[in-house]
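Heads up, the next two complexes both have subunit A, just with different partners, subunit B and then subunit C.
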Partner chain A sequence: MSEQPDFSIRIDQNKYLPQGGQEVHAVVTVESTGAPVGVSTGASASEVIIIDTSGSMDYPRNKMTSAIKAAQAAVDTLRDGVNFAVVSGSSRATMVYPRAEELVPASARTRTEAKAALGRLTATGGTAMGAWLSLAGRLFARHPDGIRHAILLTDGKNQHETPEQLDQAVAASVGRFVCDCRGVGTDWEVAELRKVASALLGSMDMVASPEALEADFRAMTETAMGKAVADVALRVWTPQNAKLRFVKQVLPSMEDLTGRRTDVDERSGDYPLGAWGSESRDYHVCVEVPPGEVGAREKRVAWIKLMLGDQVVASGNVLAEWTDDEAQSTRINPKVAHYTGQAELAENIQVGLQARKEGDLDTATARLGRAVALAHESGNEAIAGLLGKVVDVDDPATGRVRLKKDVDKADEMSLDTRSTKTVRTRKGEG
Partner chain B sequence: MGAQESCPGCGSDVFAGEAFCEACGRSLTEKPAAACPECGATAFSEDGYCERCGVLRSGDRDHLEAEAGGAAGVTDRGLRHSRNEDAMALAVAGPGIAAVVCDGVSTSPIPQAASQAAADTGLAVLTERLAAGDEPESATRAALTRAVEAVTALAASPHDAPACTYVSAYAGPAAVTVGWVGDSRAYWLDGDASRQLTADDSWAAEMVVHGALTEAEAQAHPNAHAIIAWLGADAGEIEQHVTTFVPDGPGTLLLCSDGLWNYYPEPTRLAAVLPDADPLTAARHLVRLALDAGGRDNITVVVIPFTQEHAQ
Partner chain C sequence: MATCPAGHTSTATDYCDVCGAGIGEAPSPPPASPVTGATGERCPDCGTPRTERFCEDCGYDYAVGGGRPTPPPAAPPPAPIRSTGDPDEEDPVTRDWAPAKAPVPEPPATDWAAVVIADREYHDRVVTEGEDFTFPPYCPSRRIPLAGEQVRIGRRSVSRGLAPEIDLSEPPADPGVSHTHAVLLAKPDGTWTVVDPGSTNGTTINEGDTPIPVNVEVPLRDGDRVHVGVWTTITLRRLR
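So, the complex of A and B:
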């Protein structure tokens, strides 16, 4: 990893607390620049493509043919020397290419052979994603360094193993590879795939039409190949008697990292962030501290460091100072306010859709209405558009809505899937 | 009078030369152990926060005193700010004395670094240019230009730009040359002949200059302290102010941040409270007056005697 990007950390907060104030909020922006893009990167990389070949992939048939084309496009995107394999998933996991349980370096020859093997795939059997992930884990085990990325495509629910089996396989894969998950069609479970993608630090999305798979697979592989460093972590130090209430990724999507902590010492813990290319992500940190005295010295209530192995590549401070000046303590940081709103937006969509499913139409109307207002207020037009397919909006500003009678299942799933996608603060704020 | 200071243990007033605090018995000659004032831990990170409880260490700049060639300066955190964001620098420059006072803009990032960089760079360039034979006014301009560059270089981006004020003085054998940007001030103190040598780059001063408000009205306005020019990457084009003053007798040249002049703006009043003492004692006394008046801001005072011989 000779060509490491430059990382920077920026903290947005209002450090002033009123007398007795105990909760400090800050948005941490981690940005990397100068990462080598595409083929020239020095980081070693491994890629496993997992295609659902359960029987349902044949109904309609174009799901299977599109998945094959998409996987072939992904194989074409692999640069020379990337170690890769293709796996087919049904009630069990099977090597598609190579035949042996190993990764092979990409070259003109291996790419051609892999695409030919993909072309011979047929759909049969059930769905056991835990078994698929376990095979991917074994394949990556011999390549523990560098970028380790998997793509998992499914069209159905995890029916042929118990939820516990899936949970175990996911837990065993955490930290071993990053996995982007895609659902095709409308028979898969949003919450189930979200759990897998979230634990494995990957993205989750719905590909409504099989034809769109190819472009999506190519983009995912290109993004994975564009990563310059693997295994970045956010190390958070908090002072004695402080409590780290939460650490959430808030951009590009909402992801609660609080439970992912590995203690480093008495006062510090690491939160894994996965692989990084040239990109920018925002995190919302909330610390609870014992109240300090007005006029006393400034305190560091969180010391945020970006770790690359044992190396600190950037750092920043979340501060607190108590004041009797209300003009200072009541000032709300626009970025903190914005992401608090985005978190509320995601929560309202998920609760609202669940209530709608369960027939609690009052709750559904109230929650989805609130979501409409929040999306409108924050300028999250992508989400506002998706909400518009589930509710009729009378007034976006106040969130007055009516539930639509007939909602396309794909629209509902698409809204659920993308409920956690956030936007930056509008220009002129933050 | 003896120099008044406070005991690092209990805060009672103690006098220079005393070995122990009369109130709590603490030794005043030992250097206090580098322990955290909040939790007693002794490990601090490089940027000055306690490794256990996170409190900012009593900074090295909380209270600093400096002397050079018969001039003296004192800078103090004050009572309401958690950090001293003022900086000062003074040195002998040929036959005279050069000094710089800067006040970090507290709404900007790392203002304490901005003021320190500006003061250090300004003084270094000012003495270097004077030694090279430059006229005081051109040396003052060169120093200010380089100080601006030093502060600008601290910015990660124009949206994230450390900023500070700047006032420099060169008290030569026959004249005084001052240069400034912002609202840190230079005063000439000599009884009724006392006068302010600088004109603030502030909203209040602007209003007074344009006749929109009286001095009293302007200073009472909530905007009074908004400065309209500063050193920093976000400052845009700034106008350097440089002026030379030829005293007609001995007196005192005073440089200060707004931590002092907020409480004592009028030149004659400053002259009246300036004790007839050595410059260090005088500077300490002025800082004490500002603290007694409330100490709402960081306070920096540099006292440069301008003697009879100088004026010949």
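So, the complex of A and C:
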């Protein structure tokens, strides 16, 4: 079809284990270069924009007008030939453009028509995201190849269908398309949207002010259209009698992929990674193996391959060697240490905020304090800044903090939303 | 093709396909380590030379003298009757090296079997307008003899170490089935009951609309139909 990007895999680990050691940790960096950026990549692409038109979008009125403007900006970003549709969501999902349940190729004419149809939208009815996702799934069904990307914008909780209905719709959409989710205002549920975005391999973020939507939508479609290949998977082989403890994406955000495995054969399984452009992501892999013999040759305990369909486009080895030299076996690889800290950071924020909500102020202070220390230590400035809006920091290094009395709901939600966003190790480490 | 130090055949020539051991340039023989019984001892189960506490090949635990049930010489376990043998079928025992698993005697088969089908009528009844669970165009029916004290209905999960006897993750996998969705329990009088330990989507019986209560045994008779997921109907059959 076209130029594919060049993929590479790099493994960071300490392969030395002490006598009797069983757990091997490694950070796998997958990087692609040479992908044609922006316009006219080779892969065919489909885009569905889902815009919440529930009644609440009218309060304040500028929410609806900003959402419409944002969706129009997204439509403008679609390059010619991309198959697209716009869907409006309330208690049901409705086609905005085109009228029929199908995708149409983008052109000057269809873009203008779609923007005009968006301009006529009014806000009424409830919120049933499962129904919206199901309609998107049906639209993508006729375009199974290439990049399939949806944007879901909402301002409220999923109230007009049961959590089970949403779960089913999400489960049915897995692997059919990638979905970036955005919450606007402060009346939506972070956990609910995280569930959707995470299952559908998309990003989740909060747009505190409706005015910021337009730039965000434009960025999302640009990123989606910049993907050069769809449906990349990480294939992990482990030796017999080994146990793959977990596979987590750790950059650009924390995402546990362990449960997403599809077995390939007795010793290998695939973890779907979605679409790739020119980018780099890190994964933390942990394998448990029966202890080997001190002094024996190194062993391969995981063979990591990047799969594009049936094609292996890059591979790397996680190794293990047992030694009685403690200086070697006790060293922790800096990258592994860094991402272990980032996972702890995300967990502390989520637990701390929950405790704060429930009135358990001691736990909240302890957890958020630990989060401040971790953010400081790892140089995660973005998270440190957001934490500073929820707690007063006395000493960032030790994590001594005091909970703020009055916290803006939007600040709290954006900290929760972004708690899983990670940073690379600082220069010179790892 | 290469052969690794443990004797496995491997397509990869750097590290063994099976155990990951390095292949090629013969390494200097490892120094004998005090904890290992590097005395030429061999695994009583598979004959692989001993290196460490666990057998490299089958996971036999030398410390407790177990870890891999020795297969009984008698008849093979009752297997689903399918048109083709599946060479990739996993042995849940050999892949799990967790130590000290006591050998489990093969349970006797009973007079009952479960017939598993993708049921179009059930599917049309539970999948409402707007949901997108396409009924699988090809789904052979399977007959699974009921054996032992309990027969689990669910989806296989390597990460959780689950291998239900009625595995609905075989393609076309039913997307509405929980990992452990329901369990069939053998009663002393030779009949069976079904219990739903708390599946996500519930279990219904004989075209019922209301899911059976969680953790309550419901007796089953010959011909009763158990519905799970979005298209699976399991019919109990008494053979004799």
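Basically, the second predicted complex is superposed on the first by the 429 of 430 C-alpha atoms of A that agree within 3 Å, B and C clash if a C-alpha of one lies under 4 Å from a C-alpha of the other, contacts with A are read in each partner's own complex, and residues count from 1 in each chain.
Criterion: contacts are C-beta pairs under 8 Å (C-beta built on N, C-alpha and C of every residue); 3 or more make two chains touch, one makes a residue touch a chain.
The structure presented is a predicted model; accordingly, all values stated were derived computationally and were not measured.
Q: Is this a clash or a fit when subunit B and subunit C both end up on subunit A?
A: Clash.
Q: Which partner chains sit in contact with A:Arg120 here, subunit B, subunit C, both or neither? Use first/second/both/neither.
A: After superposing on A, A:Arg120 lies clear of both subunit B and subunit C.
Q: In the overlay, answer first, second, both or neither for which of subunit B and subunit C A:Arg109 touches.
A: neither
Q: Return the chain, subunit B or subunit C, that is in touch with more residues of subunit A.
A: Touching more of subunit A: C.
Q: First (subunit B), second (subunit C), both or neither: which does A:Ala169 touch?
A: second
Q: Classify the contacts of A:Ser8 with the two partner chains as first (subunit B alone), second (subunit C alone), both, or neither.
A: In the superposition, A:Ser8 contacts subunit B only.
Q: Would you check which partner chain A:Asn317 touches, where first means subunit B only, second means subunit C only, and both and neither mean what they say?
A: Once the two structures are laid over each other on A, A:Asn317 reaches both partners.
Q: Could you say whether A:Leu135 touches subunit B, subunit C, both of them, or neither, answering first, second, both or neither?
A: Once the two structures are laid over each other on A, A:Leu135 reaches subunit C alone.
Q: Report for A:Gln19: first if it touches subunit B alone, second if subunit C alone, otherwise both or neither.
A: second
Q: Quick one: is A:Arg99 in contact with subunit B, with subunit C, with both, or with neither? Answer first, second, both or neither.
A: In the superposition, A:Arg99 touches no partner, neither subunit B nor subunit C.
Q: Kindly point out the stretch of subunit B, out of 5-13, 23-31 or 59-67, that overlaps with subunit C after superposition on chain A.
A: Clashing stretch: 59-67.
Q: Could you pull out which residues of subunit A sit against subunit B in one structure and against subunit C in the other?
A: Correct list for subunit A: 238-242, 267, 295-301, 303, 317.
Q: Note which residues of subunit A are touching subunit B in the complex, please.
A: Contacts found on subunit A: 8, 10, 238-242, 267, 295-301, 303, 317, 321.
Q: Which residues, counting only subunit B, touch subunit A once they are in their complex?
A: Checking each residue of subunit B against subunit A gives 37-39, 45, 47, 49-50, 52-56, 58, 79-80, 82-83, 156, 160.
Q: Report the residues of subunit C in contact with subunit A in the complex, numbered from low to high.
A: Per the stated touch rule, the residues are 12, 14-22, 27, 30-31, 33, 35-36, 51-54, 56-59, 88, 90, 94-97, 130-133, 158-159, 175-176, 200-201.
Q: With touch defined as at the start, can you tell me which subunit A residues reach subunit C in the complex?
A: Residues in contact with subunit C: 19, 92-93, 131, 134-135, 137-138, 141, 164, 167-169, 171-173, 238-244, 258-259, 261, 263, 265-267, 269, 290-301, 303, 317.
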